[in-house]
Structures are given as C-alpha cells and as structure tokens.
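Going in written order, the chains are labelled A, B, C and D, and every chain counts its residues from 1.
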Amino acid sequence: MPTEVRSLNEECGIFGVWGHSEASHVTYFGLHNLQHRGQEGAGIVSNEEGYLRGYRGLGLLSEVFADEKKINKLKGNAAIGHVRYATSGNGHVDNIQPFLFRFFDGQVGLAHNGNLTNAKTLRRELEENGAIFHSNSDTEILMHLIRKNQAPTFLESLKASLKQVHGGFAYILMTEDALYGALDPNGFRPLSIGLMKNGAYVIASETCALEAIGAAFVRDVQPGEVVMINDEGLKVDTFTTETQHAICSMEYIYFARPDSNIAGVNVHTARKNMGRRLAKEAAIEADMVIGVPNSSLSAASGYAEYSGIPYELGLVKNQYVARTFIQPTQELREQGVRMKLSAVRGVVEGKKVILVDDSIVRGTTSKRIVQLLKEAGAKEVHLRIASPPLKYPCFYGIDIQTRKELIAADLSIEEMRERIGADSLAFLSEEGLIDAIGLKFDAPYTGLCMAYFNGDFPTPLYDYEANYQASLLDKKSRF
Amino acid sequence: MPTEVRSLNEECGIFGVWGHSEASHVTYFGLHNLQHRGQEGAGIVSNEEGYLRGYRGLGLLSEVFADEKKINKLKGNAAIGHVRYATSGNGHVDNIQPFLFRFFDGQVGLAHNGNLTNAKTLRRELEENGAIFHSNSDTEILMHLIRKNQAPTFLESLKASLKQVHGGFAYILMTEDALYGALDPNGFRPLSIGLMKNGAYVIASETCALEAIGAAFVRDVQPGEVVMINDEGLKVDTFTTETQHAICSMEYIYFARPDSNIAGVNVHTARKNMGRRLAKEAAIEADMVIGVPNSSLSAASGYAEYSGIPYELGLVKNQYVARTFIQPTQELREQGVRMKLSAVRGVVEGKKVILVDDSIVRGTTSKRIVQLLKEAGAKEVHLRIASPPLKYPCFYGIDIQTRKELIAADLSIEEMRERIGADSLAFLSEEGLIDAIGLKFDAPYTGLCMAYFNGDFPTPLYDYEANYQASLLDKKSRF
Amino acid sequence: MPTEVRSLNEECGIFGVWGHSEASHVTYFGLHNLQHRGQEGAGIVSNEEGYLRGYRGLGLLSEVFADEKKINKLKGNAAIGHVRYATSGNGHVDNIQPFLFRFFDGQVGLAHNGNLTNAKTLRRELEENGAIFHSNSDTEILMHLIRKNQAPTFLESLKASLKQVHGGFAYILMTEDALYGALDPNGFRPLSIGLMKNGAYVIASETCALEAIGAAFVRDVQPGEVVMINDEGLKVDTFTTETQHAICSMEYIYFARPDSNIAGVNVHTARKNMGRRLAKEAAIEADMVIGVPNSSLSAASGYAEYSGIPYELGLVKNQYVARTFIQPTQELREQGVRMKLSAVRGVVEGKKVILVDDSIVRGTTSKRIVQLLKEAGAKEVHLRIASPPLKYPCFYGIDIQTRKELIAADLSIEEMRERIGADSLAFLSEEGLIDAIGLKFDAPYTGLCMAYFNGDFPTPLYDYEANYQASLLDKKSRF
Amino acid sequence: MPTEVRSLNEECGIFGVWGHSEASHVTYFGLHNLQHRGQEGAGIVSNEEGYLRGYRGLGLLSEVFADEKKINKLKGNAAIGHVRYATSGNGHVDNIQPFLFRFFDGQVGLAHNGNLTNAKTLRRELEENGAIFHSNSDTEILMHLIRKNQAPTFLESLKASLKQVHGGFAYILMTEDALYGALDPNGFRPLSIGLMKNGAYVIASETCALEAIGAAFVRDVQPGEVVMINDEGLKVDTFTTETQHAICSMEYIYFARPDSNIAGVNVHTARKNMGRRLAKEAAIEADMVIGVPNSSLSAASGYAEYSGIPYELGLVKNQYVARTFIQPTQELREQGVRMKLSAVRGVVEGKKVILVDDSIVRGTTSKRIVQLLKEAGAKEVHLRIASPPLKYPCFYGIDIQTRKELIAADLSIEEMRERIGADSLAFLSEEGLIDAIGLKFDAPYTGLCMAYFNGDFPTPLYDYEANYQASLLDKKSRF
C-alpha cells in the first residue's frame, strides 16, 4: 500500500453496485477498501429509480462524506463510485469522478481507472467538431464518443466507443437501467465482479473491496470484455477479441492491497514469494531482516523465512499524518528531525541489517531510510529490492511519464548503491519476479506487463510516442 | 500502538524543550511521535523571553495546528506540549492542556500525564478555602497547591506541592525562566530526558519522541525526582525519597511505541520476548502465526520465531480512517460489511491459524477478529494472548476504573474461549510477562506494576478505595 | 436592495475589467457592490498573459474568497466575475459562474445575467447533435453556439450566436486577447462601461460598481450591441439593429442599488419620485410616514416630503443575520418572537401611520409588518405601495415564473387589504410609475418593460408560451 | 448602531430568562437584538433543573451557534447569555462569557457589561491570597469575591461582593435556583426587566431585546439594585443606597439601538431631537441634508425637519461585509477603491450638502466621507455633529482609555475642520444634548454622564487615576 514518501502513484479505484437498497453506503464501504488507490478526491453517483444524483469532493473519502447528509441524499438501489489520485496541478473538483451527465434523453454516470494513449488526438478531433470539455481528464472522451456513436442500444454505442479508445482503462458506467464494466484489451488494471448475499452484483478494482462488503468473488472482467448488470442479472459481452494479457506488474509489487487477489494470485503471497526468491538470488549474512513499513513487510518476511535470519521491527511508521506544511526548517532537518518513519535504536544498534524494500523510484526515500538506520547505530545496511530496477515510464495509468525521475534509468547498481549510501544493493531479477507472481497466461511474460523494467510496451504509444522517444535521451536527474 | 477498536486508553503524552530557537516546532515534532498516547486534544505553550503564550484545541495535533499560523505565533526558545486522551464526556477545550496561568507576579505552563488518587479530597479542601477551578481535570490542583505553598523559589513551592498529590503523575511545567519535570514516587509513567545537537534539553513521555527530533537520550527521570532545566543547564532534585519502582506493565504490553525504551528496555524487544515466552508456555501445532495489526505484530513474530511456524499476513488493517458515523446498518452488518480490519482469504483459507493478540479487554474485538478469520475460510483459530488476563481496574492513569468492562474479571478461560468463539485460548503467565520484560529493580515484580492482573496496588487508593471495593462485587457485563 | 423576507430575486450581477495589474482584486471590489444582485454563489476568472484561471464557490463573495490565497492565485491584467442568485434546487457549484472553457485552440470565460426564452429548444437541438452540457444553466448554450458558428474571428462567431438566443441577457466574455460585453435587443438588464484612472476599461451590471473602484462612467451598452475591449481600446459593434428599449421597471423599483444610474436616471431619485407621486395619488392624513427598511426608505422620504407629514423611524432592521435554521418554535412564535424587523414602540404607539413599501409579491411580509406595528401600539396603519400591483410572471431574468405566488394576480385591492390587515391600501398607478422614472425613449412605456403589471411582454415567449398560458388560468394560492 | 468604520466600542450585551421551557432559544433571540453591543464573541449558559451547561465561542452569535446542535444541547427552563466586544489582543475564547463555575457545593453562571475601576487592585489582592484567574477579564473578580464573602445565602454573598467592586457594571448571574441582575451605583449601563406572555421574567441590556421576544417592559434595574428572580417571582433588593444617576450619554448618541428606551426615553426620538436642536444651534443654507448611515439617520432627519431642507440619500452603505483582509493595495486606494460607503453621485453632484454625523472620534472616518462626497461632485460639505466634542476617555465600559485617539482632545474646531476638509463644522452644545435627551433625574446633568465631553467623572478613578492624569498631558496624535 502506498506510503506518502513514495513518488509512484496509481490513478484510481472504481466501484459499482446494482440491486441493493443501500447502494451508496455499500459503495462507500467498497471505496473505503480502495482508498489506497487514490487519496485526492472521491465521489459517488446513485440511481434512484432512474434518477441519477451525485456528490464528489477533494480529499479522502471520509473527508468528502464527513457530513453524513451528503451520502444519505444519494438514495437508490444502484450506485457507482471513484477514488482519485492526481498530480497537484489537476487538483480541481471538476476533475473528480464519477462524472454525471444529463441529456434530454437520458443520464449517465461514468468512472474511469487508467490512461488513454490516444486521448489528445481524440479530444482535438472532438473539439474540432464542436465538442466542449469541462475537465482536464481523459474520462469525458468516452462520453463524447458514446453520444457520437448513436446506436439502437446504449450497449452498442458503448462497444463502438470502446474500440476507439486505446491504452489502459477500466470503466464503470451507470445509466438509468443498467450498470456496465469494461476493461482494455490488455487488462492492465484489475477489475472483478462479486455477488452480495442479497443478490446484488458489484464491480470493483480489487477483490479486497468485495471482502469489505461481504460479497463473494464471481469472476474477473477479462481483457476486451464489457459486462452489463441490470435487474435481469449479469451479461458478459466483448467489444474486441484482439486481446492479450499484460497485467501491470506494479499492482503485485506495490499498488494493490495484500489481501486482494489479482487473476487468482494473492498479492501478499506473491510479495512473500518475491522476498523468498530475492533471498535466494541475493543472499548475505546479517543479524536481522527488516522491511520498510508497510508495503514491504510481506517481502521482508519472505526473505527472513527463506534465509533463516530473524525478522525484526527495525523501522516504525507513525500512523498519524503530520500536515506536510509543517516542514522542519533547515536547522531542524540538520538536527535530524523526522516525522514519518523512525528507526528503532534498541533493535538495530550495532547490528548488521538487511533492509528489504519493494522498489526504488527516485532513490531519495531509500537514502533517507538507510541514513536513519545508520544514525540509530546500525553497523551495516544491505538494501535488497524485491523487484527489478525501474527504468522506463508508464503510459497505462501510473503517474510516471518520464525517465528523469527514475534513479535506475541511467545509473549502474554500484552507482545507485553509492548514492543511497547502503553497504550493498541488489535487485530481484525479471525472471524472479515473473516466477514469484506465477501467472500462467499464454502471453509474453506469462501475462505481465514488464515495460517499467524492460521498455517492452505491449501496445503502440500513439500520442506519447514522441515524448517517450525524447525521454530515452534524458539524463538522470541528480538528487 | 493503540488501534481504535480497543477500549483501553492512555491518558496523555507530554513534552518540553528549553533552549531551541524553534521550540514550538520541536515540540510539535516531539508530540507527533507521542500522538498514540492521546488523540482527543493537543496544545503547546511557548516562552518568548519570559512571555508565555499558548494554543490548544480538540482533535489530532495535525488538526489543532492545521493552520500553520497557529504554531508560528508560538515564538520563543522554550515550549511545552501535551496530547490528551479523554472520555467523551469531558471533551471540552477547557480541559485540553497545557494549562497556562498568568499571575501578577509570574506565569506558569503546566502539562500532566497520570491520575491523582486524592484529587477529589484536595479539590474540595481548596474550594472550601475559596479556590475556583475552571476545568474538570485534576491538573489544576497542582497549580493551586503551588500558589498556596508560598516559598522563596518556585522549585521549593513545587516540591512542597508534589508531596501533597498522590497517585500516578508525570508533570512538565514551565515558568518564565525554567522548565521542570517531575515523576511520582512509583514511576508509573515513563519520562525521559534528551539533549539536542544544539545543546537544548528536552523532556518527553517516551524516548521515541527524542528520536523524532534527533535528541540523544540522557537519562530517565526517576521516581520522586524533580528536574529543573534553565539557561544554566540541567539540575536534578528530589521531592521525596520514599520511592519504589512500579512501572505500568501495560506500557510495555500495549501503550508505548515499539521503538521506545522504558527503563532501558526496548518495547519491541520486550513484546517479541512475550511472544517467544508465550510460544513456550502455550504451544500448539498450526499452519501459520498471525498477529493483530499493528500492536501485536512484535509478539506474533516472537511466537513464530520460537515455534518455527511461519509468520503470515492474515489480517490487513485499513490505514485510512472511516468516519465512525457511517455505521453499517443492521442489514449491511449482517451481510458482513466491515471497515477496519480485513482477513486475507488467499492466506488463511483452509488453514489452522494461531492468532496472537497483546491483551483482551472486553473481548468484543477478539470475537470479531476470530469471526473474520473463520468467514475467510480459516479451519481453526487458536487465540494466544501475550499478557495475563486483565482482571482489575487502574487508578494511575489508564482509563478503566471499573471491573465491569473486563471480560476476564469473572469468567474462566474456557468461558472466555467460548464467548470469543476461538478453538483454543491461552494467556501468558505473570511470571512469563515479568521475565520477558526483564527489569532488574529491587522492588516487587522487579519494578513492574502488576495490579491490572493481580490487584496488588502499590499505593493506597485514597478517594478511589470505596469505588474499588464496590467494583470487586461487580458482575461481569455481557457482550 | 433585496431583504431576505422578500420572494423576488434577481438572477445575477456581472463584471469585467481589462488592463489593470490587479484585475482580480478590482473585480472583487466591483462584485462586492453588485452583491445585492445575487448571494448564492460567486466566481472570478482572470487572464494572465493569455492563460485563463478561475475560482468559484457557493455563498457570498466574502465567503467564497475568505481564504485570501484564492484570489491571489488569480493573477493577470484582466478578469471577469459573477455573483449568482439561484433557486435552492440548483444550488450546486457546477452552476456557479463565470464558466471557464478550455479548447485546444483557445480559452473562454463566460458570465451571464438574464434568462433565455428559447433555451430548452436550443439545448435539445444541440444535444441531438452530440453536445454535452455540464450544468443546468442556460449559460452554456452560448458557448456551444459559438463553437458551432465557426467564423474567422471570435467576434464574428459571437455575433452570429447572439442572434440565435432570445430573451433577456447581458453577457460578459473573456478570451485570451479581449473582453466582450453584449446586451439583448430590448436591454432588459442594465450594463454599463467605465474607465479607471489608469486607463483600464470595466463593464458592470450597475454603475454603483464603477463608483466602487473609482471608475468614470463612459456609456451604457445599448440593446443589440456587443462591445470589444482589448489592448487597443474599446470598440462598439452591433449584432442586430432590430432593437427596442424595454428596461425592466423592477430594477428601478426594487433591484438596483439606489446609488446606481440606469439609462441616466438615478435610482434613488426615481424611487423618491415614486413616493412623491404616490403621495399625490393616494393621500391620507396621518401622524407619520415610515418606510420598510431598507428598500423603501427613498420612496417613503418622497412621500413624507410631498405630503408634509413627518418621516419617522418606525421600523428597525437588525443588521445582523440570524441563521434561518434557528426558527422560533410555534410556542415562541405565538409569544411574538421576531428577529429581522422590529417596530419602534416609542415612536408608533398611539399613532396613525402611513407605511410605504416598494412592492407586494406574496403579501405575507406586508401582513407581518402591519401586525408588528399594531402590536407596538400603532392606532392605524395605511399601506402605500410605490409601484402598481404585480400580476404577471417574468421570463427575462426575474425569478417568478408563475402567477401562483402573486397576491395581486387574482385578488382585488380590497381583498388584499383585508388579508394584509391594513386600514387602507393603495398602489401607484402605471402612469405614475412611468412618469416618476421619466425615461424618454421612443418606445412603448417610454422604454420600460411593464409586463409584470400588465402582461404586455415585449417579445415572443417561445419555450415559455405554454407555461404562461397555463398560468393565466391559475388561481391565487392562499397564504 | 455601530458601523465597522468606527473606533468607538461598547463592551457587551447581557441577557437572562427564568421560567421558559425554551430558555436558551429565548436567550438567543434576545442576544440577537443586542448583537450591536458586541460582535467578537457570544455564549449561553442554561439551567436544566439545577444543572448548568454552557457554550461560547468567537464571532457573531449566528456563527457561534451555526450548528443548531450547540443550542439544542443547552436544555432547561432558565438561561443567561452574553455578546462581547473586545480589543483584538484579548480575542481568546477563554474571555468569552458567560463564565460557568462549578464548585463542590454549587454552580454559578456569570455575565458582565462594564468596566471596573479597581479591578487591578482587587485582582492582585486576590492572587496574593492564592486565587487563580483564567481569563484577562475583570469579570472573574466578582466570582472570587463571592466565594470569599461566605454568607448564609448567595444573595448576601453577592451583595457584600458588589460593595467591593467600583466603576461601571451591569451583572447577570444564575445559580441552580435563581437568576440575579445588578447595576452599579451610577447606573452607567442600561438594564431592564421584562415579562413574557407565559410568565417568564427576563433581564436585558436594552429594551429592544424585550421586543424581540414579545416581552412586556416591567421596569429598569435602578442604580445600586440587585434583583433576584426565581420560581416565586421577582424580588428587588439594594446593595447600596449611595447612588446617583449618571447614565452614559453615548448610549443615547450612538451605542443603543434606536428602538430601545433608556430610562423611559426612546433613543430614536432623543437622536431626532439632537438633530433638531443642532439645526437650531448651527443653521446653514444648503440643498440637502444627508446622514451617515446607519447611526446618524435619526439625527439627520431631525435636522432636515427643523430646517425645512430636504433629506436625501446621499450615502449608501453596502449591507454585505467585505472581508477586511482584502484591502485595496496602495495603487487601488489611490484610484479611489472603496467598499463600505458609497456617495450617490446622481444625488449630490453640484449640490451644497449638510452632512450630519452623530459624533467624531479620530476624525479619519469623517475625513473619508467628506472626500467621498466631494469626489462625487458635492459643491460644499458642511459637517454637523449631533453631540459635543469628545475630549476625555471613559473608564466605565467604553473602549477608549486614552486621549490620544480623540481628535477633539487638543484641536480647535477650526483645526478639526481643516483636517477633515469640510467647508464648515459645528457641534451640538452640552446643554443642547442634555435638553434633547430630556432626562429628569435630580442629579448633575439631569442624570447623564457627560465625562467624555467635560472630564467630570462621577466617581473616583482608582486604578486608572494615574493613567488618566498622564493622558491629560498627551498630545493629539496625527492622522
């Protein structure tokens, strides 16, 4: 689960339910378990006998709906919801989803997780034909396409439109009479269907949201599929058959909650396996293994278990958030003031420590943690990363679109080690990662997207191609 | 560290610094690492060349000082601060500390952690002599006593007053020209002194607050001591020599942060040792050991290590707080909606699980967690508690003053197991606890207060004696 | 100026400035003097060297921009602003203006005062061609038309679009390089141009906003005109020559601030003349004349002056707003609790009073005020209304679109008097009103819209025609 | 009624009710009509069958009780309330009243309007005897005295204590079983008793608060009186017979609401008489009379009526408050931006204007208004002040304790005229003021305190004597 010291961010979490008398509360509980996928904004649109109504705001779910009246007004038997991550520049409520559109002939609620690679081209074409956009988000594009692709049924219009958008996307839509879920042809993002005890169907970004509401897992939405849920039940359709699994490997490594299953693989178990494999690939003698809380604890325990070296609590994370505006001054920083993570002197003092982290983005956090441990008296700190070096950007829904921010983009492992100040540094191999997750799809890398590590993008990059080629020439920035 | 599902609450955390140009910010960072000791209110009083100024409010530290201007106004080279826990009935800003008193001949800031056993008697005597109290808190009493005990120096007045109050107390006071810390004759609550790199002295409830600001540990304040810090440095004095260590064992078990040291013993290490000893005392075969996040992870890893049974992440805690007002309705509850903890189906399904928790108060949380695990498919759940059964109230600063709330007060272990629904249940022995912590004081229980477990209170109970005797007749409430 | 007890509401106030280094602050001050035209929401869009940026929110201007940072971010040399009134059902921030549109080839800010009579038809036509609307407001329509009416210049597109919308409208628009103002062919709403001392041009709904910023009055925007202001100065153009003045008479009677001039006529002077004429048309002997604060004080002083009867302060308005949720209970109401207006017993007791009000909508306020005066001991209360009876709805920007709410719609003057409980009741004649205002346009009613009083609408009603015909059959509701 | 541009401030308004099932709501409505006496803070203490409960906060009454739950919790059949003005330095919630004291043997609520002249001495004496104060306010002193003056009944303790405090004071107190009101021996501040229709007694600072709740006026509290109201009714007692009326003349001139009666004299009528007398004393030919809104409208209409010169609306006050932090920059100020008052160009242009104001404190406001009128084209502005020059400070409850702020303290009328920029300037004479108010008490100045104008303080100044003597040597500050 993301910590705030990280510079890697998921785009969103989405949720929908059809057939529950407290649909907006069910959606709240579902979104609550997806909050790790986005903390910048949240919203819910409900459907009360064909009338759609929404509320959305900036901040955490609990802040947006702090006034209970907000959610109580969202009456109805169906609802969809969204939690959003976004870079600060876009921090405007106009971009918070779900979007709610009202037409003279119908209403549509729309929530999106992912990133379109041909958004800029589509938007320009639409604007040239008179379309007006109200947000910076790619998400409106699908709605414009649906209105242009007039067809006898909403489902037909939707399928025609899904063929026009490219990249990574998981959509949930709601009309007056049905709920829809759709996944891109590579299935970059997870999307699962569940069934509540009262017969209501739900769709959610991760299975942990199904657990939150006591729903049984039914099936994953498959690449290229569009599912329709209405009072008659669940119907599965496809908008394209040209599909190939390329599940984002970072979901397993870092984004998803450890209690979720993706494509049938439990995330905690995958992480523990990464740790075990890492212990095999990059063994070293030490007094203890410690993990960076909270995202690396599974991998660290796997490393400890395989190596037989004791697992210790050498780092404590403050569970309370300090407002970021209260930054230590330079003077305080030099005196070692810190707020988020603390090293446990009583545990690490005088010890040789193996520090397990899930990944390295810029390297600044790793450097700080190594320093913390050394200041607390650790004799040696051996950094072990439970994934391969991140060298390439992502255009399918992860918020790093340039190589500049990636320390591994143009430094050798020894250069990185030196910058970070660790006594040794090792990464999990690509094969190790693939084996640890253990997917079995008949696809490259057994169904994983490994582009972050090797630049092998499973689709054309369209509007991003030029940017990407330029970024290959970037020099790594200093830190 | 306390989780919200727990019904056991610490009273407070206190902090003070003398000799730093950003004293109120240093105090903020120190308090931030003490936030686990109290979340209901927070405040800071600063000292700008002899003029004291304060701000306090309800809520978390980050909420009270959400507006940065609040803290920027608290200028000066010295400051004291407080984080408070309190029962809802007292949730009024008048009770939030530090208190700031202005007299024609001086100013005093005052912060308190603990509970006085003769407060009611003292307050009545003072009121009968014309005193006016403005809060419900015991804390004002010391100020009234100091003003009554006129002596040539503030230190003399303070020492005379400290002799009149009984029970558990750690005080930090600040006048125009000095900072004071004082600890009751039993040392129920921890209180430590640190030294910053620039030469500023700090006093704090726990050593983790020293780490937060890069201060080196100097020494613990000892029972019966009063320390004075001013521009000339640190001076240690005593107000009584009739002392005997009785450190609250719940600090080690549950309250303190794992990265703190109390009386030289690291809390995480003590907990891990409790887990190891528990594994020895109450062994059982199983597929995995899991701990209740976050407070029981140390004990659980100790259990796993000693027993050789793999430690797994079988429970996930949602790091985001859901507003409590959004309670699942009865219907949703029956459908299994839950918000705080989730069981990891992919890990526990079909498995025999050892569940380690640090303590049991009412038993309702334990029951809920066992149920979660079973619903997620666990075949058996064996509950192991890393402390002895809680049978008696506390009058020294912990918020349980009646036996009614304690499930162990009048149920046998088998009765408890049945209520909780576990397949087996075992507690750590008193001897096991004492050994695991490993204090070496020449005092009963090697310096621990074990009253919670055996009713052996180290002091007379004064105003509480009658209540306590009545509580011994209480019948355990149902849950 | 509107009081809260009134049920008659203006739609909006608009403002724009081009060429001032603190354009958003100038707009704030201008809007502040237009706040009486709308209290539900406010917003400002600024232009910093071609980049448009906006902020808007629900509530009074001072609430929306309570955080000074909000306005400080709106940098640039040009800005437009809006204050909005709206019925509660539409109280959503999506409807607050100015709207800000970003296209691949440009940006547009848009603010609107008025009501379109063919909005529904236009919106449906646009949606059938794929347009997506994001608000309930009519205002977006103009933007869609501009995008459809592609022409070599923005001004040409705008003029073509202005020909397609019907009803009452005053628009202010801003692009990267110019500010535009436009007025409907009848000039229902006021719109004036001013010049600041530094050479910056401003456009505002009322001249009192020019006074607020020290701008000299230049000219009114005329019916059918569109003005363009850019770095080269002011340029006046017309989109239609089929124009005829029909200035809303309610602007003079009630809406506008007394210090504004509309079409060269000072509003206070017009109101005083209405009072003088009313004194002539409906004389009666009495001890004093009192006006309903604050909107009727001008008319009341005119009545007093003409009649020679002393003008007294018989009613006091509480300048502080009591939250409306704290409603007196039935018991308190019966005991006479009141919060907004107080009768001055020391002035009116035992006296024969002439009460002057500007208009009567539902009659409930009049009834309450007459009762207040009688309870305070007034011997007789003679109600004099400084305008003719309101009998017809308005479709050009005033928020009464049905006759149901109008007491005069189907009651005789004697029936109204009886309901209100006054000792006598008289209204100003239509001729009296026209003479008192004293416009000189070569148009029916010398350039005034008198439809409220006589149903003589100066334009076709388009989408409202059916509603209006139905409303003629309405029976007056009881109160 | 005070406007914000004024530098003269009343200290407080107080209210109490006994015997009404919605006592706290009645108090809210009463305080609402006293809001002009203090805008910095507000509070209510209620009495539910002997249990006192309070809530108070910073800001307007409607802000403090914006959350309706706050007032709904204040249950009971009796309540007291307070609205407070205070200088910014004291703007802390600890100083907001009513104060609520809880003792082992009783509870007391206390609200105060006025200023004690021996507060400093009393406070020091009390502190030397161990008393602890929690606010900066003088108000706590009475409570300490009551606790020291132990007597068989609360009434006896209260009377003994009232003899020890000197200066100007109106107190309302509430114990478990009675409501008390008390007034200083000179009756500087107004305090009146009313009777509600249901038999409940109320006490209030001004009679306009009685009108607000439909209470009939019973009698004024007289100097030296203490009244007790309990379930048996109203009982009048005296704590001293050494009394002499010296009602604050500024209450009539400026502070009180025009609809209040003080000592049987209606405030509006008194002001109108001041205007009439001023017209007689300082006649001049002109085109119109205008008053400074809102406080001078009564005096201006009196001037107009006596002189026969038309009364016009030449100044308009913006009824909406602009946040003061949004100050025009220097550049904007020079361009004439203004926010609070506007001159009506259409009325004053080219005219000779008589401007009536109630008083002059610093003169800065007068200067600004004269300038506004001239910029709007007024040919001449003749300033007429409906009270004598303010030359001396006040120690009985008005917030000017130094002569430095008073323009009239050491400037001649001609010097003032020149600074202000008026074409002529005249003040009402002291005799004129006394006659216009028309009290009939057998006391100096017929019962008025005229110290502001002539330095004739009706009591010794005690702790203020030295300050006052020093202030006589002050030179007038520049503006």
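We take it that a contact is a pair of C-beta atoms (placed from the backbone, for glycine too) under 8 Å apart; a residue touches a chain by one contact, two chains touch by 3 or more.
All values derive from a computational prediction rather than experimental measurement.
Undergrad: Note the shortest touch-path length, in steps, from subunit A to subunit C.
TA: The fewest touching-chain steps linking subunit A to subunit C number 1.
Undergrad: Which pair in A-B, B-D or C-D has the same interface as A-C, with over half of the contact pairs matching by residue number?
TA: Match found for A-C within A-B, B-D or C-D: B-D.
Undergrad: Which chain's C-alpha centroid is most distant from that of subunit D?
TA: The most distant chain relative to subunit D turns out to be A.
Undergrad: For subunit B versus subunit D, what separation do you get between their C-alpha means, in angstrom?
TA: 50
Undergrad: Taking each chain's centre as its mean C-alpha position, how far apart are subunit B and subunit C in Å?
TA: Here the centre of subunit C sits 61 Å away from the centre of subunit B.
Undergrad: With centres defined as the mean C-alpha position, give me the subunit C-subunit D separation in Å.
TA: Here subunit C and subunit D have centroids separated by 36 Å.
Undergrad: Among all residues of subunit B, which ones touch two or more of the remaining chains?
TA: None at all.
Undergrad: Under the definition above, what is the set of subunit D residues touching subunit C in their complex?
TA: The contact residues of subunit D facing subunit C are 1, 21-22, 25-26, 28-29, 32-33, 35-36, 39, 60-62, 65-66, 68, 71, 196-198, 208, 211-214, 257-259, 261, 266-269, 272, 294, 297-298, 301, 305, 310-313, 316, 318-323, 325-326, 328-329, 331-332, 334-339, 342-347, 375-376.
Undergrad: Can you list the residues on subunit A that touch subunit C in the complex?
TA: Within the complex, subunit A contacts subunit C at residues 93, 101-105, 123-124, 127-134, 136, 140, 143-144, 147-148.
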